[in-house]
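Encoded as structure tokens, the structure appears first; notes follow it.
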Amino acid sequence: MNTSFIILLIAVPLGAAFLSVLVKKLGKYFLGAAIGFNLAASGILAYDYVSPVIYEIGGFKPPYGISLVLDEYSLLGILLLNVVFALIAIMACKYIKKYEVVLSVALAALNGVILTGDLFNLFVFMEISAIAAYILTTMNKNIKYTFNYLVLGTLGSGLLLFGIAVIYNMFGSLNIMDIQNRMAIISYPVAGALVLPLALIFTGLSVEAKLLPFSGWARGVLKDSNSLVGTLIVSAFSAAVLLAFGRLIDSLFVMSDSLLIVFTVVTVGTLILAEIAAFSKKNLREILLFSSIAQSGLVVALFLQGLKSAALLVLINNVISKMILFTLAAKIGEDNGTDKLEDLKGVFLKNKVLGFGFTAAAMSLIGLPLFFGFIAKANVLVSLFEANNIWLPMVILIVSVIEGAYVVRMLTTLWNTGEEGELAKAEDAKQYKLTNKVRLTIIITIAAIAIVAAGILPLLQMNDWFNFDILSFLTDGLGGV
Amino acid sequence: MIQYFSIVLMLVGIYGLLSQRNVIKLIAALNIFEIGLNLFIVSIGFVKDGLVPILTSNNESSAMLYVDPLPHALVLTSIVIGVGVTALALALAKKMHDKYGTYDMDEMGGK
Amino acid sequence: MTVLDIISIVAGSLMVVLGVLALNAKKLFNTVIYLSMMSMLAVVCFVIMRAPDVAITEAVIGSGLVTALFVFTLFAGKKAGGKA
Amino acid sequence: MKQIVSILLVAAIGILIFSALYFSDETLKFNEYGNVNLDDRVSEKYIDKSVNGNTEEIIFGETQNAESGSANMVTSVVVNYRSFDTLGEVTVLFVSALGVGLLLNGKRKRKNLKDAPNFILKQGARIIFGIMVVFGVYMFIHGHITPGGGFPGGAIIAASILLLYLSDDEFRVKLSAAKAVESTAGSLYVIVGLLGIVLAGYFLQNFLPTGTVGEVISSGVIPIVYMLIGLKVGSELSSVIDGFLTEEVEG
């Protein structure tokens, strides 16, 4: 396997970005080429994957040089990220104009966030992707919220850097694996000393991962965003940040009991409060953004419990279904000038294909059987019970009821025109628009079918589908082809 | 000693972010926080009686006691990132001032 | 206590004072000037900590260019007729 | 009221940070200011240039073909050992310059200065401009033996351009030229990295002889990369300055 593809995932989009400033007219093609190359390269890496690879940049062996780590975890990450990024770029290509360079840089940075094995390098890539996100959100024309985002994001990355500096002082290294080894050598428990740096890193990452109380920026930025910016932030950016978060929790977070309780309260609190907020909202995009905050809370809570595989399943389900939901919500908002649920009764009767795509994604989000979300949720509950955890499954089930309530309310409103009990007629929805775009329809249909297929096939093929390890599946299922 | 002051500076920056509503002052608070952070990072690399980490004709051997060069490299990166973010924030501030005629976020209203 | 220690204590406490002054200044222009002075003192601290590379960079970028950008932003605001 | 709440909150955070850093009784401690043992840190090998197994002492002006040929250890960290961070860092500046350009876009013209500059000021500024540019170039070419390097060098060039802006009413940087320099320098940086893959095996690996520590023509790719960084930073900051010193043309 040619390991150079690992670095090219970052170098090619960066080079494309630099070049497209020189020849502005070709910017579109450079971006397309970079996205296509990244898709192909991540495919090749997945196809050839045998065992974890560590790529030493500059030829200096880790921990001295910066290294990129390609293991099952980051392989899954780059596959997910590059596919989602490409789909969003295709679906929302009319907004890309003038922002090609920013998107290329964001693509490079997000790949870097997932692949890097070095703490400071992680900070640099987080900062690049955050700045790209600030610039993209200026598309919303509501600069006040972008400014809020910028201030919070900069403070967050500052705290992250502070935590990294304290870690460097204690362990003398910036390489994540090396720090892990140095922690293991120390014979006494390190949890007590790590409280401050871990709290700082957790706080810093929670800003980008949208955990409460640091998610104040998300509402303003996302509530009128178009299908490019909003979808990128709720799916691609949030996937990369959560994956980096998971990697750090997995390798560095040696927590004392009280710190674990604090972190868990924050994440589970995010889950509960954000779902309640989503329930109380009346606008399509606001509902979705609060649901996205809640899912981030759930994913981080699962990582904190050490359930990597379950967390990844929830993450994948959330990223794919949010991509569909947010794209359509932004499109509905743009076509009709509003995304208020009350004003959109029966809008899907105008375009049933897109309506079915939306419905499938929403069903998967709440985890109904026959959809991928069901597999994810079943895995979460089973692995939590196996870990003898009773209260977290309870919370998840209760929250699922709230989630189910607002999703069903959303769907019934969007499908149903008239009063209750009356049969809906397409004529009643005349005043709404949901224009048909071939690209959009094809992608939404394929993604929806993929969600359903991923929900049904494991039920038929695997005996232990409720106990399914996505990481080893990736090596056995794809690597062994 | 400088280390204590650097942490206090970061706290002053956080205080500014919490208490101020003026766009320019918020950006200033971010800058204060960044200066404190940079001082802190350099201070963790300081070695008592260490030399400047440059080989010269006076300090010509690598076996002498130098201060840690890695934090300096990190701070160079951090300063440049800081100026990038500040420039972007100031451009946003300029735009906001064009739109609302004020730098005060409370006077800008919900829109 | 060496001379450097004393200088660093003086510079550090001045920086904290300037930081508070910058945040509470009535005029935005003063905020910018206090910030620039702070940055200059930070350069002194970097030199004390044997980091000449960082000191040069901070002097040119931190207290030079950033201050200039702040001042230009404020002037642009004044010209537009809004209150600063 | 808000002030008091924020002061209390900040005080609480401060007490937490200070007690965790300086007053904890754990065995694993935060190394206090100045009491640092470099042998515990990765940077020990950056000083000895011994990451790839070199065991000899590095002597200024004598050692040849070290793994990183720079006498300035910060430079060898910035451009050799952690060059990838530096690529990320120029990207940050690149994106934010681009963002400033996008935000303050439109057809623009120079803002009029309050007092029209006189002849002596204009000519004097031009002379100083030349000296500053030469100094900036000196700084990034000598980044591997003296303090400084690409970032301050580029910033000094940008400052010299700022001087021209302030002393001359009509002066404007050709934005297209600035963009061209920026883009070429950035692409060349990536190409230097890719050449590393082709010629030496890894991205951004040094593929030139590193020469004698302390000489001007030494250290392999460091002067090249620092020159590219200097040009890139200079042109980016110049275009940022242009964005702030021009105003939109009405209508």
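Lettered A, B, C and D in written order, each chain numbered from 1.
Here is the rule we use: contacts are C-beta pairs under 8 Å (C-beta built on N, C-alpha and C of every residue); 3 or more make two chains touch, one makes a residue touch a chain.
Quantities reported herein were computed from a predicted structural model and do not represent experimental measurements.
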Between B-D and C-D, the pair with more C-beta contacts: B-D
Chain centre separation (chain C, chain D; CA means) in Å: 19
Chain centre separation in whole Å, for chain D relative to chain B (CA means): 15
Centre distance in Å when chain A and chain D are each reduced to the mean of their C-alpha atoms: 32
Distance from chain C to chain A - Cα centre to Cα centre, in angstrom: 39
Chain A: positions in contact with at least two other chains: 120, 124, 127, 131, 134-135, 138, 166, 168-169, 174
For chain C, residues contacting two or more additional chains: 51-53, 57, 61, 65, 69, 73, 76
Per-residue overlap in chain B, given as positions that touch at least 2 other chains: 1-2, 4, 8, 12, 14-15, 19, 27, 43-46, 52-54, 70, 72, 74, 76-77, 79-81, 83-85, 87-88, 90, 92-95
All touching chain pairs, where touch follows the definition stated at the start: A-B, A-D, B-C, B-D, C-D
Interfacial residue positions of chain D with respect to chain A in the complex: 16-17, 20-21, 24, 26-31, 36, 40-43, 45-46, 51-52, 67, 80-85, 87-89, 91-92, 94-96, 98-99, 102-103, 179-180, 182-184, 186-187, 189-191, 193-194, 196-197, 200-206
Partner chain B, residues of chain C touching it in the complex: 5, 8-9, 11-13, 15-16, 19-20, 22-23, 28, 31-32, 35, 38-39, 42, 45-46, 48-54, 57-58, 61-62, 65-66, 69-70, 73-74, 76-77, 80-84
Chain D partner contacts - residues on chain A that touch it in the complex: 4, 7, 11, 14-15, 17-19, 21-22, 55-61, 63-66, 98-99, 101-102, 105, 108-109, 112, 120-121, 124-125, 127-128, 131-132, 134-135, 138, 166, 168-170, 172-175, 178, 186, 188, 190, 192-193, 195-196
Chain C residues within the chain D interface of the complex: 51-53, 55-57, 59-61, 64-65, 68-69, 72-73, 76, 79
Chain A residues touching chain B - in the complex, by the definition given at the top: 120, 124, 127, 131, 134-135, 138, 142-144, 146-147, 150-151, 154-155, 158, 161-162, 165-166, 168-169, 174
